[in-house]
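Below is one structure, written out as structure tokens, with a few remarks after it.
For reference, chains read A, B, C and D in written order, and residue numbers begin at 1 within each chain.
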């Protein structure tokens, strides 16, 4: 049994981690901590756990996690930064769900997160935990930087096509994303008040969302392309969980949809959580909510030589906690999908 | 033109007051104030007003409202208490949407609101602003205590039957209410986060909601009954605005539904905002949302000799801002429904 | 491995049955049938199953299910009636999710369902499948009549107290229930259109819902009481799944809340899916959605000597498919919760 | 008073027409008709009208509307086609909310609507009723083809920039639209069931939605451009009313955002229902719902030389019934906004 601790157990991502790991057949939860004033039961925070997962949750203290061999960090960026260093020094494995170790280039981090990075040396040891593209590296790493919720669904949708010589890189790739409110975290702010979110949709952080750099970096790394001309516009919509990405890719060579679909099917042949659909129509967040799956649909617009890709993930699962556990499974040589909902 | 000020213009009730009064043909908005750090445009707070109602909104200051003859107070209880006194001293008319002057008995106030009342003398001058039962008093008053959102729909449903000698007062009257999230105010707290409210419903303040005493007091005053055996359980549900009350009334004498409906039709013959339906089924908050109306449906269960009443109001309009303007219309001898949505 | 067939696989309840049984470690799905024109893949009906559960689904034919030892019937009442008879004749076990075999008295069935019952003799062989009260009978039966969605949450809330000599039976027990839209089935009718249901709530079938008789019958059978004075008012609210019941029980002897809670804790000590909470406040459908659990909270109103119980279930799981599988587990001597979400 | 009839009064658009026209100070509703089996009260169809708008609604018959001088047609395309001809022959004015007379080219109509057009001659007499661009033509016409819901918000967002020589026409203009469920009409189909729409979003009719041709035609007509390279992807999202369009326009000459905003402000200086915002962020359907307004926000992405426009309208008002009344006001020389919500 793998002894794990979850730091940040009282957020929405923390809640999903607790639930998945509690029922995981190869895991024992050793401790839960969070930014709270005093010890409580996690089932007092989340009544859905009452009588099922009645573990205590404590304010963070190094002592509490000392017996864990693997730490899940579900805390804000900046907070993870130092904790990761400590845990690695203590010879623990770490899966960090924050952005602190996702970027290869420290300058990118400091520009997009507006914060000095204290341990740039560790960046090179961190593996970007997108299992469908990095299984081998994940297996051999002690530090997984778990991808952001937007990048997960966007990269899974874009990567299989990017290295093919059919994308027109001097035209714009446009990513129009729609996320549910849980992406903004478990907290009380006016902007997240039910009356503000319900029956509404709006764009935010137009081309200035910090996940852009993560997307660009991974595409460039995995496809050896130099990517410019990317537009990313996220929207917050009136649903609780899930992200739908509508992606408009300009093609340089007109290739048949069948051929393109083949790239995807081939690439994801071993990836049980990624499903390829015949059309981009009707890909729906409802169909992936509460699962670790990513649905991807492909359509072509011949008049404009465009590939239109729609992808959907549950932001809290494949976009966060589920993917983290998928990474753990790989690190420990377990079945990749163990404990996860298909 | 009536010159008015709105204190507390940045809440949900304040927003409705601003909108209604701006388009009211007999009103001129003189000033808007709110608990804010510095002056702003009300259209910056509510983008829906942009280019339509671009008035400035200021931190409260006595000077700002000095030219207004009528003040709408949409601030928390306790805050209203002193302001009302000031405005009355300055010979202004006041419509107070807080609870501070709704109760006849200062002891009730202090018990239910857990706060000392500084001006118990003024209580007797205040008129409880339920137009369908107090038109004459409202007309002659300078201080209207605007009813709470729950009491409005509940009293309109119960009052016509209470003074009839057919209700069994030694059995329990049960009021099961369902309110939308806007009733909790325009603010950021975890409990109002979209992810907590959406796709959910739950009871709160079971028989300890402060509106109970307001309901009891009005029933006792208007029907000359002594009322005990009232159970009131509010629920918060996943809609933005509206309250649905399902009320179970034990009958002592079995009277036909037709006869009972007659009491209601007769009582509300002159009240254009109250509509009586043939059955308690299908009374829906959707049908009263964004209007100043109250829908009331009546059904009888013969086996248990019970009258089942369902009433619906928009909590921000008939339950707050709309009713406040209805009261203003009466105070000034205008058509009762002027400027209000039927 | 238990070989099962699901009749009615394309409804919401059918979908949940397929999902649970596919992942159940002791079950092999042998066939899926539904009222469809021609064979299809169940993953074409439910894209969430794509690549995971790609079984074919066929129009019903007796031949198709001949190799199954256990049949789940998720079809409308009236349709089940004859199929159950056939399957029992063929020596199969049956779990019927319709109402056809739930009532002991054929007259009650014909009155409430307005339909002649063709096999009244079978009624006495059917066991009402509420595991928390009928484990032994379920174990020994070949025909389980799976309880309705409303009765499940209501009976679990009421039964522990009913046989205690503290309920005042000559006063009214009032049940005010709120159900999500999935209770009305997977179909297209104007009343279920998103625009009609969203941001709305309304009462329907006031004291004429067919589940009343099922509730009365079970209470009378299990508590040996004669029950009159029951009022049941269901509401349809704007959420997808879940039922919240607010139940007002008149007490004859004032007993402490602690004492009452003890009855419940004792009764459900062995029942891992029923959780008892300290208060009726904050019992929320969100906390039981997507699980097989029932949450029950208890509050007392001393002034009116009333017990206020709030219970919550997921109507598609504990109120239908989950409970059906729980019954199957018991019939086959498996762990009662195998394959079910806690 | 203008005597009007509404054909198709029982749809969502019909309902809005009835409401607006009933309260319009210069209109008298002469008759309501719909595709119904027998005469009823419109307030039986829409309980929100009970006691307020209790007009009868009849199956369509030519006699019923004979005294009306203006006819609003809120019926499906194909049905309008013949009725318009009849009414024009009878010397009535017509505002047709269907698509039958929106297109200049009969071939376009037959291709996109897959239906033969019976009266191509009338097409040239019809004026496309987008008041902000066609006031003069509307004033002098007897037949207004009221724009579709998507085209309204998209054209208002695009037209001011298109004739400026700064848009790169050989690159793709991408329109990613999100509509609420009411756009699909007041009807019962599985796809519109609350359980399918709630907490969901998905793309449909990718680049094959019939509104594309309407958008292209108007841009070409009003800007004298030849437009290719347009991609239009509508999504259906979980809100009742409203459309948000996110539009990505490639710029050929980099012009400052201030300069671009000026084009819009200048163009809409006389148009009280169109509001221009400083940024495309935070344009929200909630802010235009239940009004006749269109909100437009503008942002620039310098790296890709793109203008990002977000526009929002209420699909039932500015996108249908509200705009129809705005057109009526212009036809009759009334204040353009009379009877409409700002």
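Going forward, a residue touches a chain if its C-beta (ideal position, glycine included) is under 8 Å from a C-beta of that chain, and two chains touch if they have at least 3 such contacts.
This structure is a prediction, so every number in the text was calculated from the model and none was measured.
Two chain pairs, A-D and C-D, are compared here, and A-D has more C-beta pairs in contact (counted per touch definition above). Each chain's centre was taken as the mean of its CA atoms, and the one lying most distant from subunit C is D. If you average the CA atoms of subunit B and of subunit D, the two centres end up 37 Å from each other.
Here the CA centre of subunit A is 39 Å from the CA centre of subunit D. Put simply, the C-alpha centre of subunit C and that of subunit D have 46 angstrom between them. The multi-chain contact residues of subunit C, meaning those touching 2 or more other chains, are 180, 196, 198-199, 238-241, 282, 284, 286.
Those residues of subunit A lying in contact with subunit C across their complex are 46-48, 50-52, 198-199, 272, 275, 277, 282, 284, 286-288, 290-291, 293, 295, 342.
Against subunit D, the residues of subunit A that register as touching in their complex are 171-172, 174, 176, 178, 180, 196, 198-207, 228-231, 233, 235, 237-242, 244, 246, 248, 250, 279-286, 289, 299, 301, 303-304, 306, 308, 310.
Considering their complex, residues 12, 180-182, 186-199, 238-241 of subunit D touch subunit C.
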